[in-house]
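One chain, subunit A, links the two complexes that follow: it is found with subunit B in the first and with subunit C in the second.
After this line comes the complex of A and B, so read on.
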């Protein structure tokens, strides 16, 4: 305890040098927590949006379905299995049929995916209830990004051309009945949502689907001969991997920042040992063991970390709380990233993130503070008292 | 008595001719005129787009209805691009990337070199009598010539255009105009022969216009610069190796 008090007095006594170290170190604390909080917030939001709009509690894929291979879509359809029909009738699962099509907004060709969804489904947040049967035209639901891309608004008509299951062209007029504002680009871009039953008739694939999304409350899940179940973690692996990659990339920034702080601390420690040779000699002459002197100097260095934590808390906590509550407005360009990013991103600071950051930074500071003090081991008290380094 | 016999004979000959002139018979004659055992064609394609007009020249070797090889000769940007059709498969070689790509699935729906023709249209079996039931529905005048109007309905399930209306020149058996419809009756594409020429006792299109009616623009024009029928085409032409030659 006296060593702690002495260490504190020495650190504060160094004046501006200490506070410069503390400032850089506190910036490292706040920046690491804030930056990582943004990534965690992004992941949480993206995952939730995907679960709400696309993934649900997992998906049964027809054995031919490969979302990365658009060529597979034409053959990726099969009869809805009896094992899942009961879940569907209870509203715990919803089938989706996917077919390729072309639309001609402003007389320009756009390739799109026609996705048939049940009107009464509640498994996904897609507002499929808007797709009420219309004698006039096929009701079509699109996302706001798609609406912007093809310059369409509600009540506009659009010519849709597709091929049925046998390969024959067919075409009809679709009417935009609703435009959904969804953070999930995966259910928005390049897609037209239409009533499942209507699409099945249009392409002559009655009672067939490409994939079946199950609800989050469905627990007993098993693979079926023609249908393979895909877990939510598998379906969201891209966003998880992407955020992980970004976090690793950001770690380089943290490393640079920490390196600067550690360099300053290391330098301060080396200078302190050199300048305080006589003090070290006196302490040892008074009976203090080398270990205790090393502990004192290490504590002085580590105290920079503790002070940085306190200083960082003074300006960091209000900043972090503010951004967590108000969110960070993102530029529109982030909508082009291909996954769910909200217009306002709310960072999330978990206890694990804060404790982990504090632990790593404190440990690094302590190690860096300790390294120069090893020199004390070689010091002879008599030389030190005379101001010599032995 | 002699006059009566001649009259009866003339009537019989007339009814025999009428029997022959079924939609099917007309379509078969058109196929006979348009499809050759082998042919070598040099053609020009004029694409009128939003950013201006592009003119492409190509040389093609065609064997029956199943094999075709096309090499683009100009403009410099497209020069050396080659296409090979073998039955229902299509490959494209691009000299810029030195790669051969198989065109399949949704890519077949894409436009051929930015024209109104899709790869699917290029791949289509040109022998219409193979895939359509034809019904003669009347006689109309098109481009100042008397034409049979045929209503074609797909007899197979995997036919791109379920229905077509074709106006066929009564004397030359050339489809002067053609409308292609979707299953629900929407007009999708039109094809017009603007000029014809006679070669080796057969009438053949000289200038044609192909138009995707859902797209803006005045369509894509094709001009046959030269055509030779029943020429010998070496076997290697219809091989994938010839794409990189």
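After this line comes the complex of A and C, so read on.
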């Protein structure tokens, strides 16, 4: 039976009521996709920044290393394993040595982490090539957030105090040779990047490292006795969790919006079935079964969803394309997110997001359209024809 | 050929604690090609009987056979199929689908039997032509007069060339002129393609056209008379 075509005729014939429902529903489609697109864009940007500057293709952690326990750092070091030396020499992995230290900018103490990194590494985007050895002072690379916090500029000197492997305090002058502008706060705040070899000498841990970052193109990876491999997903679990939390939180907004749309559709359906009981009787007299009438009314309701898709596409696609290409300028507060938020965020509308949203909204519309039609099951054609509800 | 046959048909409606007997001991046979009517005062059970013959309702007791199908045994879906394929209804209040044009209203029963587009179009136009309302094809029911509306309803009932047309007070809302026109069309259809018509009416204008009059009183047949008259020559006005 050409129910779809009949349903279309009926829906369009309903006029204003249909278009009101369609407007609210289309807003639901567009808002959900747009909003979620921003979160996905955030996650993609944030995780890309982490991969570029921190995580790479994963990290080998020395078995004592626990990033949450700063006191563990001084024990978390070991000889760079022979199994990884080939990768390292090929530039597909790079060791990092982490030590605690203190600095005294403007005569105030700051606890910092000294991170030794290879000058020639290309595994991470950290511009370590700036850390060229300097005879008079230790070259230091910092991020722009750190620079702001300790009020340092390029060529400024800074006193660094640390303990060597035996626990003896030592100090020297460092010189800021570069300030990097990185979206990854995790390699910026509270950190001084210094040449790996220099740091190894300073703390008497030659050839040792705390962790080894593996390049993204490395595929075969096994755990080593002293070194545990951590997958990128594990290393980025905080940001993944945080964005997931925000996405779920946003769902409340969608639920309200959908609820309004569904209420309107439900109401329209209940009213339609009541107002059109004589028509329902006529349809049955003309030879439609109750099932077909139910299908027709359900399709009429579901058609709202289809029309909303079309209407939503008319204003939604330009909006989505425009924001995806031009980006969205976010207010400053977003620094608080704790991970990299670019000044301009590019929302990302994945196929899964669009298909998923369309599927969920259409399914809800169809269910809500169907529910009131069960009334028809109880209707007798003779009563319906007389305009009676049975 | 017997098209419709009722055997000891009884129809009751619950009325509070008691039961209202709307039809009782109805034993009727209708031959193919009949042009007949159920006549009786208001509340005598005409509509009830017509609805049961049309498989819109079921007997409380007894048996009704329509086109070799026992109405009381049909499932809802089977009853719908019987109506869809073989029965046309005409109502007192036209019951046109208000959102559809005249053309679409007439097309509707053909859509239900999934007739292919080209054939459907021809049939709809033929039916509209037949009833002299081809020029109203694109009008919606709200734009049609009562007479025009009923002609669309008749076109809708006969477009699929059903075996049986059931007309419940088809002229009750029409003036003499329109009633006459509609009835003439029906007579013509009956004569030319042998469509069986059963009316329910107490309208004298209709009764004069009937070739068989079944009188109902309080749900019972009190008289079943065959009228010998020349076809197409009833006394008019």
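One rule holds for everything that comes next: the second predicted complex is superposed on the first by the 388 of 390 C-alpha atoms of A that agree within 3 Å, B and C clash if a C-alpha of one lies under 4 Å from a C-alpha of the other, contacts with A are read in each partner's own complex, and residues count from 1 in each chain.
What we mean here is this: contacts are C-beta pairs under 8 Å (C-beta built on N, C-alpha and C of every residue); 3 or more make two chains touch, one makes a residue touch a chain.
Quick caveat: nothing in here was measured; it's all calculated off a predicted structure.
Colleague: Subunit A superposed: clash or fit between subunit B and subunit C?
Modeller: In the superposition, subunit B and subunit C stay clear of each other.
Colleague: Between subunit B (first) and subunit C (second), which does A:380 come into contact with in this model arrangement: first, second, both, or neither?
Modeller: So A:380 only meets subunit C here.
Colleague: Looking at A:135 after the superposition, I want to know if it touches subunit B, subunit C, both of them or none. Which is it: first, second, both, neither?
Modeller: It touches nothing on subunit B or subunit C.
Colleague: Quick one: classify A:166 as touching subunit B (first), subunit C (second), both or neither.
Modeller: Once the two structures are laid over each other on A, A:166 reaches subunit B alone.
Colleague: Touch test for A:111: subunit B only (first), subunit C only (second), both, or neither?
Modeller: Only subunit B; A:111 stays clear of subunit C.
Colleague: How wide is the angle at subunit A between subunit B and subunit C, using CA centres, rounded to the nearest 10°?
Modeller: About 150 degrees between subunit B and subunit C, seen from subunit A.
Colleague: Counting only touches as set out at the top, which of subunit B and subunit C does A:278 meet: first, second, both, neither?
Modeller: Second partner only.
Colleague: If you stack the two complexes on chain A, which partner ends up touching A:153: first (subunit B), second (subunit C), both, or neither?
Modeller: Touch partners of A:153: none, neither subunit B nor subunit C.
Colleague: Please provide the least distance in Å between a C-alpha atom of subunit B and a C-alpha atom of subunit C in the combined superposition.
Modeller: 75
Colleague: Across the complex, what residues on subunit A touch subunit B?
Modeller: Contacts found on subunit A: 70-71, 73-74, 100, 102, 104, 106-109, 111, 159, 161, 163-164, 166-172.
Colleague: Can you list the subunit A residues touching subunit C in their complex?
Modeller: 1-2, 5-6, 9-10, 13-14, 278-279, 281-282, 284-292, 380-382, 385
Colleague: Going by the contact rule at the top, pick out the subunit B residues touching subunit A in the complex.
Modeller: 104-106, 109-111, 154, 157-162, 182-184, 186, 188, 212, 214-216
Colleague: If you look only at subunit C, which of its residues touch subunit A in the complex?
Modeller: Subunit C reaches subunit A through residues 51, 54, 56-57, 76-77, 80-85, 87, 89, 91, 95, 97-100, 104, 108-109, 111-114, 156.
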